[in-house]
Amino acid sequence: MNFLFAVFQQTTRNLFQTWGSQVFTLLTITLSVLIFSFFYLVYSNMLNVGKQLGDDLRLVVYLDEEPGPELQEEYRYKILKFDRVDRIEFISSKDAYQRFSTQLGEDKDVLADMPDTFLPPSIEVYPVRSLDTLSRIKRFSDYLMTLPGVLKVQYGREWVERFYTFIQLLRIVVILSGTLLVLTTTLMVAHTIRLSLLSRQDELELLRLVGASSHYMRTPFFLEGAMHGFFGSTGGLFALYVLYNWIQLHFTGSTVLPIFSFTFFPPVILMIIISFSVLLCASGSFISTNKFIRL
Amino acid sequence: MNFLFAVFQQTTRNLFQTWGSQVFTLLTITLSVLIFSFFYLVYSNMLNVGKQLGDDLRLVVYLDEEPGPELQEEYRYKILKFDRVDRIEFISSKDAYQRFSTQLGEDKDVLADMPDTFLPPSIEVYPVRSLDTLSRIKRFSDYLMTLPGVLKVQYGREWVERFYTFIQLLRIVVILSGTLLVLTTTLMVAHTIRLSLLSRQDELELLRLVGASSHYMRTPFFLEGAMHGFFGSTGGLFALYVLYNWIQLHFTGSTVLPIFSFTFFPPVILMIIISFSVLLCASGSFISTNKFIRL
Amino acid sequence: MISFRKKVIDTSDVMVDIIKVTKSYPPNVHALIDVSLNVNKGEIIFLTGMSGAGKTTLLRLLSRIERQTKGLVEVGGYDLSKLSRSKMQKLRRKIGTAYQDFKLLPERTVAQNIAITMEVAYKRPILIRKRIKKLLDQLGLQDKYNTPASELSRGEQQRVTIARAVANEPDLILADEPTGNLDHETTGRVMELFKECNKKGATLIIATHDESIYSNTNHRVMELYQGKQMFFDSQSKKRQLPSFVDELSFGDL
Amino acid sequence: MISFRKKVIDTSDVMVDIIKVTKSYPPNVHALIDVSLNVNKGEIIFLTGMSGAGKTTLLRLLSRIERQTKGLVEVGGYDLSKLSRSKMQKLRRKIGTAYQDFKLLPERTVAQNIAITMEVAYKRPILIRKRIKKLLDQLGLQDKYNTPASELSRGEQQRVTIARAVANEPDLILADEPTGNLDHETTGRVMELFKECNKKGATLIIATHDESIYSNTNHRVMELYQGKQMFFDSQSKKRQLPSFVDELSFGDL
């Protein structure tokens, strides 16, 4: 009881007496959490956007003749054996003709004289999309060529390569800047803790000399750290949420179609981020008082 | 002479006596410059990459009949009047047939029965690429539809929209993270300067009391700030260069084609960044001593 | 008086026992050389000697701010070099120290500065306030209760340091040059306070240069000279010239 | 002695002229009330008074660390309240102050601490080293030349402070309680040093509680009592009871 009272008194006194540096610490942590979660959000959404952008990615396997139902089953089986796919579509010569004429639109009368089987039948394979799709597609294409009755395998090679190279570049950029930032924020938080210790060094020194118990000295720091962690991370996430809404607004306003569904963190992730910050800040300032309780 | 000697002595003494915090300051500035220039580099290259990615962006204007040379001139004139373009190509019906048969490859014999003019002639307009291409292309397309003899204007509407929305999203991300970072680094540098002042507050206080001249007190800080700015920015840019090389290596290694020419800063920009840091740090620490020379 | 749980030997009368203690600072400063001292409970003892003789060092050994290089230091029957951290913390709460360099927290008020020693012992706030008021009255600082320590004159700061040292009614009071910044009259007040503490049972060790505060008492005086015990006598108050220390004998130890 | 370019009135004999000076700190601390003092060049004057009487405040006004609330403060013929910043800096180089709280830089060595006053006046390094050696010798600190200030005893620190104050041979020396942490013998050395400075032409104002250092001299002594001038006499060395200050007359002012 007495201990609790004393710790409470110490903590509130510190909060009020050093409110300037408290605000600074809070700002630092808020900014750090904001930066970190911002990059995390961008990264996790990037994967998503990458997927959506590659939506029409498919391998077209031209066959020399229309496959019957059993043959279709066999193709399907062989394809699935090699790699997971999103879906497989069989396009008969007639379907292909139909499509082509739709594509030509008003000019479709030019096809009038053609037999509706002049285009070869094909299988369209939609591979499961992921960030390493590019190399997988190449291997897939090579494999499909070895299947019997396959004339030719086509995919938007150039476009796919460009797109995935771009995505990869983006990934490197995001990861690198993320690393830089985590480095920076770690430095900042460590620095801030050091600064707050420095400003209370004399007090801790004195407390040690007058025989304060280790808990008496450390618990206020622990509580303070936990509070900084909590309010800082909550603030940072709130700022991120505001930013997120702003982006969405700005974003849907400027384009015709809201193509990308940009999502915020689910509550679980929010909880994890907050508890992690609390833990980090609390233990950070707790550990940093180590040298003062010695002797 | 005596003044110079005294300042030199002061500066070197500070450098040696507080080397721990000197290293920290240097690290902070290095990191800040690295982060800043990294984002600047990414941003300036992003514009570039965006351009290259949109290389095959074109508007196809289908015409009802083959235009003669004068008509071609007139089309060209009208198009140029509306907006700057990269290039304009006239595709006759025969060229279109040729292309189509090439596209069909081995299946080109299906076209054997078709007249080589069954496809309509067209003009391909390659607009000047920039980040706001999307809206410009729409306007362009609307304009082209109003020209006489135009059947239809086509462009990869969906693809273009997706691509540019993506680029815009990327731009927002880069700008936002850049802002966050500049905020963070500003905070860090200001903080570091404050810290270094704090650790020498007693000394400055004493110097003031024993009647040191303003220059005697401030010049060492100025010099130190300039040195930090110089070495910090040089170090940061060097680190960026190493990173840049690493990305290029990693990047060209993992893809087949080195599609994107990723470029480093030209020397002028390097010079500007360095001198700006020197100026900033020097004046920063100079100004921060203001309150000590008062009275 | 100082007791952790029940201590059987607590009937002993010895509060401080220093035996052949040497303290050296690297590289070659010998602050104390073979010093022995034995202070009984309830005693007042003065420590004198030239500047740099080792007085502060001796006091620092007693609260384990520094550890001796050689020898034995016992306080309240405990060998300090063997005491665990938490027990040392408890022991320190029984020792009140007025540091020569004050160690006040400049931004805290006078009351807050004095309260510290009582707060770490979990005293009740009302008690603390009453005690502080009384101490400030005794030391002539009644109107400085809420003044930040940085706005006090040196002598006022020194008095606050002394008030802080005695606030928690410690069993052992170490006062290092407690009147260096005080005038004659204020010195009198401080000595009054010390005597009062002594009457309540506290043992006092006072390091001082001010002969006037011990010349009219019959307390023991220990003189240090360049780290060595020079002169140890409860009666004589005259300074003596340095001589061979090792040959001195201390009958009453 | 203190001269910026050529000063005609420099034939004047007055070093310090304080006229009806009042200094109040917010909210209601009156550290000095209507104090007047006139110190001639080459004089030694002692400032005494109880703790908190205003001695330090008076000295702080003389080097413009604080500014007076009312009244006139002149040093070397200059009205301090009207002096420009750069001139004040030059003037300060002519004033050596031994602060009551020392203001030493703990990480710097003794030599570096003392050198500061000479370095800001752009003295040559060889000269500085010689001067420091001599001063340390005089104050019995010869083996502490390269010791960091934080590793000194309080008394040693006080002597370093004094050495720093006199190092640059200032025209005016303000010593605030220069012997509070010093024993009798060391006090003697310090007073010797002060006398030597005085012989070379320096004016000294020494705030002290130690009656022994002025009781055998015939320098003037000024006593403050709660911010008021109590007693001002060059001959009498006895303390007197407070009386109405305003009615005192100072024949020699």
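When the chains are written out, they are named A, B, C and D in that same order, and each has its own residue count from 1.
Keep this in mind: a contact is a pair of C-beta atoms (placed from the backbone, for glycine too) under 8 Å apart; a residue touches a chain by one contact, two chains touch by 3 or more.
This is a predicted model, so every value here is computed, not measured.
In terms of the stated touch criterion, subunit B and subunit D have no partners in common.
The greatest centre-to-centre gap from subunit D, using C-alpha centroids, is found for A.
Chain centres here are Cα means. That of subunit C falls 31 Å from that of subunit D.
Centre-to-centre, using mean CA coordinates, subunit B is 68 Å away from subunit C. A separation of 63 Å divides the Cα centre of subunit A from that of subunit C. Residues of subunit C in contact with two or more other chains: none. Residue positions of subunit A in touch with at least two other chains are not found. Under the stated contact rule, the graph of chain-to-chain touches is a ring, a single cycle where every chain has exactly two partners. The set of touching chain pairs reads A-B, A-C, B-D, C-D, using the touch definition from the header. Listing the residues of subunit A that touch subunit C in their complex gives 2-3, 5-6, 9, 17, 202-203, 205-207, 209-214, 216, 293-295. Note for the complex: subunit C touches subunit D at residues 25, 29, 48-52, 56, 100-101, 151-156, 158-159, 177, 180-186, 209, 211, 239.
On subunit D, the positions that touch subunit B within their shared complex are 63-65, 85-86, 88-95, 97, 99, 103, 105, 107-108, 116-117, 119-122, 124. Across the complex, subunit B is touched by residues 24, 27-28, 31, 34-35, 38-39, 42, 49, 53, 62, 105-107, 110, 113-114, 118-120, 134, 151-152, 161-166, 168-170, 172-173, 176-177, 180-181, 183-185, 187-188, 191, 195, 243, 247, 250-251, 254-257, 259-260, 262 of subunit A.
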